């Protein structure tokens, strides 16, 4: 009977075995510290659902997902409302994936989830560079008194690995202190992506790189399904190009965060995220042997 | 790592093994013959998704789904647009479940899916009675020339098992020929459910019974997510009571059809369907041994 | 080629000739004086569109729309924003329909459109009684200074034909002056419909009656698509029963107003209105001869 | 110029002075511990916005909000994601209102906000009784390990004031342990509201009473805008009747929680809540002195 | 009375007579073979409705629709669910329009409707070239076993008229076999429109050309209302330019397909389609004489 | 207690005192003359609400709203449906703001509100130039007989101050008479913004300038929440650039109109408008002293 049935249990073309997989997709349905509009907790599941509306094959790279061994681990079961415990669990999951030598693609959820992820990767890779695509600088020291917030996440990263190892693209919003901090401590490219990225790629060479991509770096015309839309961003073509361009780097981990399906009845935000996941697997990892 | 992860792969509390299951849930994402508004193809998947918003335990029956062995087989992979082949596949799935001696709960999809299901069950149970809950009589001979249609399904059932074995509840729409056919050949209860049901239950005794429940029997206030809403129906309380009342019958199979998530941003239609699935498992099947 | 084509140009089963029609449906897409949420201007068109989701035949009356000659005149072309001129045009249309001896069913639009309609009918029928179904009393003298408002319409009617000839059902909202005016001058039945209606029907006997039905008399659970939803109303079953019960009266004209499609993604409000239009034609008018 | 302008800064007819007010409305935009669908954080603001769609005057009580002195304090500024600190702030606000001898009406937000509120009121009133209207028992000891959760709130109340002082109405969902706890320790009325309420009112006499009303006690047909809709609830008429019936009790505080505007494009859930707020002020507090 | 009334029976400025028309618009509400999201069946009707939100006059061409004789034939009445019969009827309609020497503009519906259309046109014009605008290659041999599918439509065209006569623009999705087929047999321009179009226009000269335009060639930011949105497409300006640029070709027929109103609450997809229809009439046909 | 509470009573960072403010924001919730889709009456309030999702600080200008003294006066209370009286009130408000020597930013509402505004400003500034950003020419003499209409507003302006003082950018829709009028009498730049704006800025020098910005000048991909979306417009980046570029002019007043929240579930239209308001304050006015 199985011939007739299909159970949509993960991203399109994902395989059934964690052990044999080279890449692992993990959903992180956390959205408790957001201040404006919650909803990103359903992001990872919607990205999976709509992944069946795109193809396994990519016209951009002439490669096919079915030639790659990747496992979709589902969503992390989080204690809703408990930030500290949630961050701790996320870090443990990342450490396990790093230890098992697999490429991790993490789907948010709010941007704060990137903090335990990058913490884990920077513990492993001491010369880690972080490429940060976002509309918002996320460089606050605290947000309404909270140090763990979607608005402080990159500041915490800077304090851990040094701002000079952080490259920020597409930034167009934040407060003055963030702007000044960015000017002084990080490599912040305001309202720009592809141009500076070309140079950064040259500079980075073989260094291990972690990509954290907040979907709101894209203009809300192309990605309306997000918690804090900020007009004036890039197009879907530009972000696809950026993801492809980074294919020559030594990417060791990646997250795509802040997809909020409830604000996008057309689902094009989740579809764009699914497409970026596909291109990332095809560009940053190797096909299975055989 | 599995401790942290959860993969939402089926109805809440469903088990992993088809073989050990007493009950099987099957989704049938077919909506190609509908004339007014398509959308029921995503019904089964949405019923699964929202089942995590209700509890495993029922206050109505004081029983818990976790004490029952039921498997969620996912959706049947249908050749979209090919009606004949689709009906054939559905019938094969039903036959397999009947042969394996499991209780089948089928989730539509459009009402036409009930035709191959009831055909299979009536082949097995020669004295089958069909209890039909619906706003529409579905007794047309053909619909715009097509004999296979959501509007002809019960007529086909009548022609197979005899109209006198068909009991129709809550009917409030149809054309004159359907009304006359119902008056003459079936047991049609116009605009009524609980009152006539009480008598029918007494009459049926130990006979094998198949339930086909079109969610639009419920008023669109309570179940707006359906293709052809018809004001003037029953409340959610009444349909829950009806499902519970049939617990003393010998139910051999059941479907719930015409849930169309896109027309219901509150998801209460899918949640009602999920609740009916839960009560059906708790009331029509036995808990696992041991 | 016409055999293959269908042009949805009016209410289901409406005929092509104004001259030969006994009944005329007119849409009045006016919503400029509303204070809370506009949107009723698309009401008439949506009622037509969804009328194809109900049947021509009625299980309630055992009659079929195809046996009745009724014409759908489309929407009145109004000068948007010009209240005075709009009311004048509406009155002219009503006078024409009265003069041509046809039964008029008018679809709003906001409730103010009932004023020129009732004015026209009361000029023709000097002993006219008005049956008013609504959540709101609509008895204000003026609304933020405007005498022509959706909130003053029944007060104007009272001043024209005398409050004692006005019967108000289902009323549950208004200001204190409206409440007091209703208690003193009209026949106002607070939060009640079917019970008092039975008596009123007996009292009215053969008098000419005009029905003005604001869809918000129904609870927003059953009719969410309206400008000023007021919880605590009747069910769809009750309003259907009320419309059927008035079939023994001498109804000379009728309007159904305040259907606002944009607030109801399930379209059940427009479908309910379409069903009331169908039952009104079947109950208040005669089938074609022959 | 002020004559021309209006600033919608609070609930309809609310006054400008906290000091002179007898009643205070406080919004609590917390929704971080919810497990199914977030969104109640915008509940309080939406209740204010739609309050302008209802009247100041009530047909039910023949009273007018403009005769009452009540202040709308806006929303509490919470540290998003920090549950402990948020609960602490909420309790401080409640204590201040109690100390200032004002009647507090609190608008959620998720149900967990009721815990610090009831804690504050039970500290002040040692013989406090709590009337709990809800679809869910909320009697869990912990929820996925968290003791502070929307699903544990009434259990915490029971542990503080004793389950025998807690009266639960309309309950129809929970797990078996909650059901058993309710049967043993609280006064739980499953699927019932008005009938048992009548008796409870008699029993309570002059005791101080706090009302906690989760809007999902109402059927999702009437209140679809809520996080965890549970079919099979009461109508809007019944909840209005219940609120009115409690007018003879000694109500010392009240909350209405779990209104989630994003799931209800018709806004009838927020409108129902606004209407309950109006009736509560008119029924539970005294008009200003003349 | 007619002066006051307007009946929205077709595209803005369409005329009443088929016989006197030079151009005919036909809606084809078929969406039964779609695999991802149904809904295009209401596309043609919505394009008509929103056409009243654009002007008859075009700033791009300095021409006015009112100077052109075009008839809107409404939607073809299809036997829902019967693919073979539907395709047959569509072909008959196209043949009739060709025989009557009128320019046909066909509005989908799903892309499969283009197959019988192009079949009819290629029977008439033996040297027909097809210009195909789409995000998807639609070059599959079969789709889940079905040869008649929205995903096979251009493959069938290629097999009929030869791939070298097919020009594909904006393609960015498909499987590897489609990509290879396109590279080998058709003129496929991946991710490009205006640049290659310029050359193609030169090459085609006076040859008869049929345009099939799947609205998803446009980025979902500009056209979210479609069944299978594919990020990375062109802007609305680019597609308008493309339609205008083809004005110097010998266009003999045209379709615009896959507009799915339910996925676009802003209606901008249908409005864009209506604008393309207007520009097509103004650019590809001649004004009426006289 | 005030420390815990926040009342969202105006645009982010607006101050409490009209008297001390240099700039005043006024909402004008008028949408009665619109012909296609009403809904702009809630525009101003939604722009305020979403302003809390952007920052007070601007990356574009390196300035912060908190350094500017601006007051949000709320919405003008209009007599709904009474156009003449409404226009009169709007003009009085503008005159008051001009007389009090404050910079006015007016938020619509429909475009007709710009007529009394510009009338007031041109009475004060006799050499006023008007910069008009819009998809539509709005140069009709009357619209369905009405001279006061959203489609006639710029014509009325031209008749008051002379078309040669009116500069129109981004225009891409209108009827032939409007096109001809624009060609002859105004400075109309069809489908262009930034290029011609550069020249116009040079020409204007120190002249007093009033900006009227219809949000539909932006493509509906970026601003779908508007009454009459017109594909083919500019991006959000371009309109931001345009607003910034005008910072060197002598701007004396400004309006942003036609934001219609109901058509944009992502709220990006209102967010774009809020961002333009922020940049206007930062670029066109001076920070507070001290």
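First chain written, first letter: the chains are A, B, C, D, E and F, and each begins at residue 1.
We adopt the following convention: a residue touches a chain if its C-beta (ideal position, glycine included) is under 8 Å from a C-beta of that chain, and two chains touch if they have at least 3 such contacts.
Only a predicted model underlies this, so the values are computations on that prediction, with no experimental measurement involved.
Novice: As a test of understanding: of all chains, whose mean C-alpha position lies farthest from that of subunit B?
Specialist: F
Novice: Average the CA atoms of each chain to get its centre, and name the chain whose centre is farthest from that of subunit D.
Specialist: E
Novice: Which listed pair, A-D, A-F or C-F, reproduces B-D with over half its contact pairs identical?
Specialist: A-F
Novice: Using mean C-alpha positions as chain centres, tell me how far subunit B is from subunit E in Å, no decimals.
Specialist: Between these chains, centre-to-centre, one finds 39 Å.
Novice: Where the centres are mean C-alpha positions, what is the separation of subunit B from subunit C, in Å?
Specialist: Chain centres of subunit B and subunit C, defined by C-alpha means, are spaced 38 Å apart.
Novice: Which residues of subunit E are in contact with two or more other chains?
Specialist: Answer for subunit E, listing residues that touch two or more other chains: 77, 219, 221-222, 265.
Novice: Which stretch or stretches of subunit E touch subunit F in the complex?
Specialist: So the residues of subunit E touching subunit F come out as 52-57, 59-60, 62, 64, 219, 221-222, 235-237, 240, 265-268, 271-272, 275.
Novice: Could you list, by residue number, the parts of subunit D that touch subunit B in their complex?
Specialist: Going through subunit D, the ones touching subunit B are 36-37, 171-176, 179, 190-191, 219-222, 224-225, 228-233, 263-265.
Novice: Under the stated contact criterion, what part of subunit F meets subunit C in this complex?
Specialist: Its residues touching subunit C are 31-35, 38-39, 41, 77, 79-83, 85, 143-146, 148-149, 262.
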